[in-house]
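The next part holds the structures, each set out as structure tokens.
Common to both upcoming complexes is chain A, partnered first by chain B, then by chain C.
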Partner chain A sequence: MRRGPFRIPAGGTLDRSRTVRFKFDARPYSGFAGDTLASALLGNAVRRVARSFKYHRPRGVFSSGIEEPNALLQLHRGARSIASERATMVELKEGLEAYPQSGWPSVRWDAARVFDLTAPLWAAGFYNKAFIWPSWHVYESLVRRMAGLGRAPDGADPDYYDVRNLHCDVLVVGGGVAGISAGIAAGGAGARVLLVEQQSALGGQCAWDGAAIAGRSALSWLDTAVERLRQLPDVKVLTRTMAVGHYDHGVVSLVQRGDDGAEAPRETLYVVRTGKLILATGAIEQPLVFCNNDRPGIMLAGAAREYVRRYAVAPGRQVLVATNNNSAYATARDLKDAGVEVIGIADSRADPSAELDLDLRSLGIPVFSGFIPIDTAGFGGLRAVTIGKLSQDGLAVASRKEFACDALAVSGGWNPTLHLHSQGGGNLVYSELTGALEAAAVRSTTVGLVGSAAGINRIDEVVRHAGATAAALAATTASTGAVATGLQEPAQKTLTGAVASFGLRISPVGNTARKWVDLLHDVTVADLELAVRENFVSVEHVKRLTTAGMAADQGKTSTVLTLENIARLRGLRPADLGHTTFRPPFTPVTLGSIAAGDVGEYFAPRRHLPTHAWHAQRGAVFQDFGEWLRPVAYLRGAESRAQAATRETHAVRAAAGVFDGSPLGKIEVHGPDALEFLNKFYINDLSTLKPQRVRYVMMLRESGAIFDDGTVVMLAPDHFLVTTTSGQAARVTEWLEEWHQCEWPQLNVAIVPITDQWATFSLTGPRAREILATFETNIDLSNSAFPHSCLRVGHLAGIAARVYRVSFSGELTYEINVASTHAQTFMDALMSIGICPEIAPFGLDALLAMRLEKGFLHIGTDTDGTTVPDDVGWGAVAARKQQDFIGRRSLVLPENLRADRLQMVGLASLKDEDLQPGSHVRLPDSVEATDGWVTSAARGTLDGRPIGLAMLRAGRRRLGTELSVHDMGRVTAARVVALPFFDSTGARMNA
Partner chain B sequence: MLEVVPNHNAVEVPPALSTATRLQVRVGEARGKLTIRRVHSETSIWPGLPRAVGTSAVAECRVLCLGPSEWLAIAETLSLPSLRSGAFSAESGLIAVDVTCAIALLELRGSGARDLLSGGCGIDFDLRRFAIGRCCRTRLAMIAVVIDHVGENAYNLYCACSYLAYMRSWLSDKSRYLKP
Partner chain C sequence: MLRIACPYCGLRDEVEFRFGGPAHVARPGFEVDDATWADYLFVRENPAGLNFERWCHAYGCGSWFNLVRNTLTHEILLAYRMDSPKPALRT
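What follows is the complex of A and B.
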């Protein structure tokens, strides 16, 4: 195997016995098991992995973790393709294919680099200023082509994503030394613990940094600690898992990457409900700001250390280290120990030896005290770095040195990772001491910070503090029982360690348009200057104008530097500036994991009719109506859906048909106050309702808008049957419950939804009575004994039934309710009656055409959220009612009394052309763009002429008016006609 | 008055599920069911009913307390739960409505049941919190259900009959991904 040119022959935690082949930009490379994609690319000396977002400058790997702003790559091709994956987080797998996301013709030679050469044209907010004349649309297609990162997969995702709910007393985020210590302490205290770690194994930095804990090697400590965790009975560990969101009431969302295995989900979303949250999330290193600080070869010092120690990859052949704090010295030492040439350390502090308590000569590396990088050179990658010592006033360079080198490791200090803390409402403050956004004094009884997230760096103190904090939190959890006292373990924040002190990290000299603050969105100091010059004052506003911190990395390496720059430009202290808001998710989350299993068949619940199979056998075409799968028509032979509906309506009008109305909402209301209760909901006066009589009723929202319609029947003075439209059954039940529980708890009623208990079949047509009479029944079916708008309870063919005489088709109709488990028996009995040639099952298409002909209202089709009863001809009923009802007061608002409101009318086409629902209508003399719209349309069931219902401005005054109907550029004409279109005396349904 | 004792073994769980089968889902046999409601807010609760929401009791039939004024009674057979008819009257303030045909029963048996339920439901099924004998009304796979912990690794799941096909399909789809 060809060893990568930057690969160090020995060391690291790689499995060198396992070579892993992969491709980048269609070229074959190889790495080792244990590599990330980023370390493998560096190992193969691939320096340019991306082009920057705006200026198309070459970019290389900048970090070794989730904060990566440069190495965002497209993985795979086809349906499994995924965009903007951070190469630093991708475990190297055999056959992995990665592609750059930008650069034409290639990432190495990108013609769009021209944007870099013309950079002054593309300052912050340029698109808001430049693309105004003559119109944004002139530029839109070009801008859309140039903008954006990555490509969407070109097929439906073939993988499975899972979702799980988890519960715990203590959730520990982060599986490094602090997190493990916290997990052991919380688990040891008897709490139910969940510990999550983003990497594939626990340990974090201590797994590779060679530290010593409690006087022994970190690896030996780690082995013991992991074993202790395993032995604790109530501790669960999830690796490869990122905590991405922290919400109210201790809800935390986690996303776990799947491990290999055919049956394993690609990702799993965990919704965790936890009592306490411990953040052991560590810290993220911040860069330095100087001219041309974005060239490939420039990398965070901590990352350089991780690459050399963990992955045995050198960041370059000659490395310069630049820092403002102590932490980068470890990088320099480790690079030197690994045999990499370290040119020197530029430390912006005047006297680092005092800070380090170290004779710098003992390092064997030149240290340039008081020097900060000023500029860099190199077109495709870093070639040289200029460092400078500033003059007394800090505005000019007093002396400078230039070094030829191909890597620069920079450290601008460490910022604790407190995103989850902030998302959950925790406050952050800028600390002058550390130059970091730290947690404000924590008094939370539910969230604890440990390790470097709490600003603690000395390893033994990390172990002690994390354990004590976790034990204190665990002591007050559900499992352990005590009451929270609000005490938090005080930390000994001795700052000996990484950020004992920090020096200058923003070079004050040089061209600010070449000093990058946000690498991913190509935001420079000049952009921030422009924003402040244009009087953007708030950090939130500057962020939105410049887009600093708004990229896919959400400013993990830029937020603090942006704050410091704005503060400097405005002459304020950063602490007085506040900070931008941290929102979930912490890192990008795939749509697949959010959708999880709720796709395809499980996108929404489906409800089946009790006799679903029976309908299917008869050629039913099913459609989804408010979760219910309902037959719209029953196809015979080569019939079209429209032909089938026409045949069905003819059969009903001529003889009889049967419609499955089982989804009809059914509610029983019991109790001595049931009548008083129900009367508060409907515009109809129920106080005159007689037993066994059916009343058509309409209910309103508080706004006066029509909410639902249906029927009410009194079975007994304390027992009522209520029906609702099929789609609103659950909503009406909730509505009744809400008013009962919140407003009228003194009324003694019980509301029992029973939709699923009863199957409902409408036997309708002129021969319906004749058919029903063939059943053995104890119900007198004669018109005098059982007239329209009545209900009878009895038996039909030995089956208990509630039979309504109500009609939505305009024909004589018996609406028969039987227990849903008897539905099939009943239908079999009905269909075996030989009195007609057949009883046609008919679907919703036929039913809706017939009801349209009768001018019957279909709530939600003919009405919308603004329709009041008077608009559809029910104003008089509402006005007559003496008692109060919900929505009544709104009916007299001026808006609801306007004479030119939209009102329901009938339309007859003048041209034998179908009317289309949604078409707009215009009156002949109209100056308005629209005078209303068609709400329903059909063809007359007997004469076949096109008819419709419309909501028309002052419609009831327009009878006979001819108007134009506009549908997608097609114009036709219709006349406003009286309703109904059919059987205006109602003789047929009263027959 | 009915003698009611808290019961933790109301439903017999098939013994010795093979270790390979972490889960069996089957549609339960038809059983009579009544929803019981308290109409009068001031009347005291009939002592035959469990008082605490989320608990169950068993005498002639199993009774689940689903809300402050709501119970579900489930018989062992198709006939309606034989609660004393005198229990339901204007005086008692309790009413009962037959929901035998409205509610379907799915029986989940096996050590995978809890995992499966957690895939679509936010309830904490930890045995210390949702012990045998506990029940709850909640949402599973986006629909309203009642979950009744009837025995060791045994859960009865009640949903509206019209959702039965969807629920079965969801359970079977999700159980494919249960870890062995």
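What follows is the complex of A and C.
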């Protein structure tokens, strides 16, 4: 195991007493507790960690934070594996296994580098112009193998995830100096504060950069501040927590990483509702753009500084620093103090000494004023850098110098991290002064920016401003109060962090196809030139053609440079171009954290019939019907589902069966105005209802289309029972409530849904009465006393019951309603009746076949959103009704009166082939592409003939016509026949 | 996700509610012509700015109410009971 020559023997904030062993690409390495995967790899001199997305160029660690565009690695193997984890964010843990995501045979020697050598073929948008001949499918499998980054895990996720809800007055995002100061001030003002920090501990940069705050060391300040936060009564701190989305009305989503291996959710998603939001999200350093600016060994200057000071890792043996602003000087100084050879600082500004507040000579490092990197060399990693002296106008290079080096620390300025601000509707504006997208006016009075996110960098001012901003926000109510502003501070003369002045950051010379703008998606300046040349002028279009800024890093180190280049190419100012939209999530979020516990069995709610176990014992095959688990058939022995359904229909038609209809929608409507109210919903005139007579009813939408069917029965003038289709039980209840509350609130009614409270069993078949008569009951079951379409209320075997005589199967049926809590008792009583033959349980397959034979409508199957009552033979009933009802006016619109509308008919297949629902039908003399379609189909229950229902153009005039039936290229024939197919007099039902 | 103040229950998450289209739409009588009835069925205002709309607290108290929302910013200015008159706001 190598410790590597890049680990500096002293310094850093790591715990060197605890060695941590890990593997990368199956090779063993070691690091220390406190390392990230990236710092440990760098410390072990592992320079090539990835191959670039398109050209397969070798890449190394580029940054030290969330903006990492190169070092995206696969962690773990098997079901826990996760792709594209940024090595800079992975806490090093014992036994960690990381793998590169590209490179064959290995990340160090990749055959696909050939794409780099043939780069002009793979310019932006090449796939829109290629893979066309002879057909895309020839190329598809190869492209799929080569595209993408990382692999999906190969097993069900064994970890668990959680979702939790939080409320607070002030949410502070960011636990550095600014965030902590804001948290203390808000908490001190009495607000309920939530402070979130993405790293495992508070402090941010001040934990390692050696700064002084208010005259003492930052570490001392930090200890005091963290203790103060702990003492405040209502301040909650979440670490390892990233704020990923800012939505309307103060809703913010956070993802917290569990401590890997501990007994905890792997990730927790928090949905926070906050009154005020303070963004202490810092700033992200931007690179410089020049030829071959992507080699391993080139990294951001601020990152190089963090690696040295925090992780005691040198980015290389000989480091050159290149910058256009002041902040990289601290990097050079810290590298030198740690014993690393610093070749020099190339500063693209002509006279940087005027900007800095220190004497350059005291640094002891040569400064090359007016120089910018223009090229680099090194096939497998950085070996040399060429810098060029910029001409007066910055458009050409006057002289060059070349240096051998293995690391180049670049700084192109700092961009405040304002994604959450923008997601919440805040506007961003490009600043010529800093080359950054900064906050324009803050949209609401509830969002504040502090620290370098607000452009404030001098640390004492950060503390003061953050405290004042937070106190002001916490003290105000949402609708009033001071607006926390964006950029506040004029340019400063300072060494660390501040951007005093801003030089050129794009090299003016060299092949633009070798100047990278977006490292993750391998987008170069030449791609941007191509886009503009092809007239994709808006930033949104250039983004989508070139895919710049669309990768997993969402352009954190490329958006602003892309903007500047497009502006330069179009001859505009960047500020005039606008910018692409920021959308959640800020950093990648796993599906696991969003799904949390709602997976597998818990994905959707399941509703079980009250006697579910009883059905299961009898071999029920269950299927989901709108959350209800319902039997479609009951299998005996080696029966197939179709055989079971056929046996069940024979049993019912011959003797008796029982069907569980408990999901049937049931609603009670009470009140003096109940009749007037209900009459507004149905095409049927309910004013002629007699007590305990059941009316089959149909309900429409205001467009005239059939919404639902069911029954209405009057128990008393102020008490009605309504039934609906099973699937619409909730929707009809909501419909009644909506019209009552919104349109007719003056009507005195109460609407009480009772679907779940009553179980429903349909005892069906010619022997149904004989069976029911064996119950001890107070209901006279004779046909004269209890005819079809009536309701009787009484008891059966001591159980209170409401018994309907209605039939969907066409057989003599008693639909028995008992309280759900008594359902099993009733079922046991029914099945213990010791007469022959047995009562056959039958499921939906059998029921739907029987109802089809009778030509009974099945709403939603035989009707769609355009079907009006006349289409299914109920036009006369609707036309007769004098009172207003929902949809009445639409029924006389010309469209609904057309003579050639689709009408419901019966079909008998002319071949011994099942009809397929969805098949189109055509009339023999047709000129149209289609004359309708088959809506449902079955086999006749007694003769087995294939039959169906269809909607046919002017169908009622076409009795006897032979149609062609078209099903996915196959053609068969059927004849239009009269309905019903079976028992046309209804004698069986009315027995 | 919006946060909506139900007039009966107070501030709740958007997922507890169902959107119910525009508010204060008068239902015409049977005698109107086809064009007027079709307008009532299908034609809606789509303002960029203040919108008066109906909502139902479907997974809460079940009450219908009206509110005024800015369609550009999602700011909700006012929620009021179904039987209140339409407020006079500068749109």
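Everything that follows uses one rule, which is that the second predicted complex is superposed on the first by the 807 of 991 C-alpha atoms of A that agree within 3 Å, B and C clash if a C-alpha of one lies under 4 Å from a C-alpha of the other, contacts with A are read in each partner's own complex, and residues count from 1 in each chain.
Criterion: a residue touches a chain if its C-beta (ideal position, glycine included) is under 8 Å from a C-beta of that chain, and two chains touch if they have at least 3 such contacts.
Everything numeric in this text was worked out from a predicted model, so none of it was measured.
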item	value
Partner chain in contact with A:K236 - chain B first, chain C second, else both or neither	neither
Touched partner set for A:V163, first chain B, second chain C, both or neither	first
Chain B versus chain C as contact partner of A:G425, first or second or both or neither	second
Touched partner set for A:R151, first chain B, second chain C, both or neither	neither
Contacts of A:S703 with chain B and chain C, given as first, second, both or neither	second
Chain touching more of chain A, residue-wise (chain B, chain C)	B
Partner chain(s) touched by A:R273 [first = chain B, second = chain C, both, neither]	both
Touched partner set for A:E738, first chain B, second chain C, both or neither	second
Touching partner for A:D248 - first (chain B), second (chain C), both, neither	second
Shared contact residues on chain A - chain B and chain C	271, 273, 745
Chain B-facing residues of chain A, complex	160, 162-167, 192, 263, 265, 271, 273, 478-479, 597-598, 601-602, 604-610, 612, 628, 662-663, 668, 670-672, 718, 745-746, 748-750, 752, 754-758, 819-822
Chain B to chain A touching residues, read off their complex	30, 35, 37-41, 69, 90, 93, 95, 97-103, 115, 118-124, 126, 128-129, 141-143, 160-166, 169-170, 173-174, 176-177
Residues of chain A that touch chain C when the two form their complex	247-251, 271, 273, 425, 443, 702-703, 734, 737-738, 741-743, 745, 884, 888-890, 893-894
Residues of chain C defined as touching chain A within the complex	1-3, 13, 20, 27-28, 30, 32, 34, 37-38, 40-41, 54, 56, 58, 62-64, 73-74, 76, 82-83
